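Read through the structures below before going on.
First chain A sits with chain B, and in the next complex the same chain sits with chain C.
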Partner chain A sequence: MRETLRAALTIYAKDVRLELRTRETLFSVLAFAFVVAFIFTFAFEPSPQLIASIGPGIVWVAWIFTAVLGMNRTFLLEHERGTLDGLRLAPVPREALYLGKLLSVVTLLVAVEALMLPAFLVLYDLSLFNVWFIAVALAATVGIAAVGTLFSAIAVHTRAREVLLPMLFLPVALPVLIGAVSGAREALDGEGWGGVGGWLQLIIAFDVVFLVLSSLVFEYVLEE
Partner chain B sequence: MTGAWRLGLLLVAGVLVLIDMYLIFGYAPTERSMGNVQRLFYFHVPVILTSWLAFALAAASSVWYLVKRERVCDRLAYASAEVGVVFFTVAIITGAVWAKPVWGTWWVWDANGTLTFVLWLIFIGYLMVRAYAPDAERGRRWSAVTAIIGAATVPFVYMAADWWGGLHPERVTGPGAQGSLEREMLLTLLFSFVTFIVLFAFLIAERYALRSDEEAVEELRLAAA
Partner chain C sequence: MTEQSAPTTPRSGHALELRGVSKTYGSTHALRNVDLDAAWGRVLVLFGHNGAGKSTLLRVAAALIKPTAGSVATAGFDADGHAGRVRAATGYAGHGTLLYDDLTPEENLRFYARLYGVARPEERAAEVLRDVGAERWAQRRVRGLSNGMQKRVAIARALLHRPALLLLDEPYAGLDVQGRGFVDAVVRAVAAGGGAVVLSAHDPALAFALDGDFAVLRGGRLAATGEAAGATPDEIAALLSAPAEAA
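Right after this comes the complex of A and B.
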């Protein structure tokens, strides 16, 4: 267990270092998220009443598209430079690789989401600085990353990578999206645990099941 | 299953379908409030339950494949997925055609409808993984993973969509039913179930056999190359 964790952290540290040196993924993904959020302002002509009802939906559609884009790159470098073969040969448990990559994905998504908060404030006058909203968003991000990391390891090897990842990932992640949007709406309506709690529990249950299951089946994805 | 068996199954399925058509259009009474459109229900309910069965079969054989690595399980999973996509499509279309005159809308995102739609998408994803995988062996493994992950999401989709709200007719028969159907209607529905299960079994057997042939041809081609 400790060895798994250490190996996972090593892989995570490698990803963070790489990203800090190149700053490639974060900024390209963030730019995309801004464009999506910006486009929505013209699609809906946001008025305060409209934002109250569709605001959480806009936020999550922007985030989930961004997540798909970002997760498509999860294993891209490994795939292109043959790092995956090296990692496969490394004498560490397979779960470590999954866990390390999962941490990288969660970090990337949380960073993008956090940097998007001011954009939503400016574009839609939508203040998302709410404890319950953030709790739901964090839990949902873990669920998204749990499923997305697994499927991106499959999609990266295929010809239709850009299509395959959303095709596999979005239907499976639907409960998280429903929970995230509904929980966000409750939170922004000023509800506390009473309104948000049920959704939060659903998302956390999803996180636990898919973290365990994905790390178990990851070995079948990687195997050569 | 040999060719003779499959031919026998086809004959049985053919006869059952004919009798079923008579029961649905001739024997079952016309429903009072919905009229003739209610007859779609004898297609919709059995087809949807059969497509859920197809998904369960695909998921179970996928687990079995990853554990045992027997091609038998993989062919079964593949056949279920392909036949399942067809059944899901029919279920979705009949459901929409029925819902439009009765509920005034083509589609309602209640728990059953959402689950059906999601499973349909997952099956399509399953077939896409196969089609795009760099080689057949990885295609088998990855699609098995897809089916297993898809199966795990079922209770979550159901609960999330249920809380999210929607309407669907109450169950009309079996445990937990509110009212009860006319005897003729119930008989027709049950007969329809049997018919579609047999039809499904035939299609699976046929697709399975075809799959074996496809794999044999592929191996010959590789050996010749």
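Right after this comes the complex of A and C.
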């Protein structure tokens, strides 16, 4: 377990260093998220009643499209750089490669989500600085990253990888997306554990199941 | 080029043993029933035209891909059940450098040293960079280095964990005389240190220059093996140009 964590953190540190140096993934997905959020302002008049009703949906539509774009690049960049073999050659448990990449994806998504919070406030007067909303968002982000990291590794060996990831990812991640949107709505309605707790439990259960499953099958996913 | 050649892996039998190894990609047969041994302290040069199966054989030996049939043992470890040990015993440098272009050679080697669990990764990275003559470029981004220098760093990466078996896929490709001399020195040092080297090449004279063994692949089949001392470059060239057997 210690070896797995050490290797995972090594990969994670390398990814963070590369991203801080190039900023190629963060900037591209952030720009995309802003565009999605901005376009919705033309679709309807954002009255307080309407925002209260559909705000959580807008937030998660922007975040989930952004997540798909960002996760697609997780293994694609390694594949394009030719460094995926370098990771596969390492004498470390395969779940360490998964865990390292998962941490990178979670960090990227949390960074984008955090940087988008002021945008939602400005565009929709929608304050997301709510502890229950943030708890739901973090739990859902882990679930999204758990599924997305696995499917990103599957898709990287295929020709239609850009299409394949959303096709595989969205149906499987549906429970966590439903939980995220519903939990967010409850949180923004001012509900506490009584309203949010059930959705949060659903998301956390999903997280645990997919973290375990993905770790177990990742060895086979990496095989050519 | 001496220190990195000291293998740290328990060894037995041959450095590499392939028995009945086949590899297919869909309907393409990359390797067909190959039996091949590489001895400790020796250099084995794989010859073959493009598509003969050299790269596939090296990738199978490095536990990067699993054979469709047959067994592979590296440094005494069965690749099927002990892929991790095989990877720890093997250093592999392929067509690509496996380096991150936006990191420096030093950062790349430190990353890989940590990933391989090498003790004192910073010191080891500096040591290997010195060994391959790349310490002057250690702080530059890889993307700014010449092809020859990138290749040196790529080989340094393969040597970081002091592998018992070094696998090099066309290491001489695109190198000038100085670069070829560097690869020669690395290969000789690993073999002289008791390790083994398996490399692929196109020039039959190489096996003689390295005083090694050779194997000729044609159409995924092993067409011939032998010691360089028992053949001439022309004979190897003739084996290479013989028509491939029917599928």
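By our rule, the second predicted complex is superposed on the first by the 224 of 224 C-alpha atoms of A that agree within 3 Å, B and C clash if a C-alpha of one lies under 4 Å from a C-alpha of the other, contacts with A are read in each partner's own complex, and residues count from 1 in each chain.
What we mean here is this: contacts are C-beta pairs under 8 Å (C-beta built on N, C-alpha and C of every residue); 3 or more make two chains touch, one makes a residue touch a chain.
Predicted model only: the values in this text are computed from it and were never measured.
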Touch test for A:127: chain B only (first), chain C only (second), both, or neither?
neither
Which partner does A:201 reach: the first (chain B), the second (chain C), both, or neither?
neither
Output check: A:86 vs chain B and chain C. Expected answer is one of first, second, both, neither. What do you get?
second
Based on the superposed arrangement, let me know which partner A:41 touches: chain B (first), chain C (second), both, or neither?
neither
Who does A:223 touch here: chain B (first), chain C (second), both, or neither?
both
In the superposed model, which partner reaches more residues of chain A, chain B or chain C?
B
Quick check for you: in the superposed arrangement, does A:182 touch first (chain B), second (chain C), both or neither?
first
Between chain B and chain C, whom does A:164 touch in the aligned arrangement: first, second, both, or neither?
first
Applying the touch criterion given at the start, work out whether A:172 contacts chain B, chain C, both or neither, answering first, second, both or neither.
first
Counting only touches as set out at the top, which of chain B and chain C does A:28 meet: first, second, both, neither?
neither
Which chain A residues lie in the overlap of the chain B contact set and the chain C contact set?
223
Taking the complex as given, what residues does chain A use to touch chain B?
147, 150-151, 154, 157-160, 163-164, 167-168, 170-172, 174-176, 178-179, 182, 198-199, 202, 205-206, 209-210, 213-214, 217, 220-221, 223
Hey, which residues of chain B end up touching chain A in the complex?
66, 114, 118, 121-122, 124-125, 128-129, 132-134, 138, 141-142, 144-146, 148-150, 152-153, 156-157, 159-161, 163-164
Within their complex, chain C touches chain A through residues 62-66, 84-85, 87-88, 90, 92, 94, 96-103, 107, 111-112, 114-117, 157
Chain A - residues contacting chain C, complex:
3, 6-7, 10-11, 13-14, 17-18, 21-22, 81-83, 85-93, 223-224
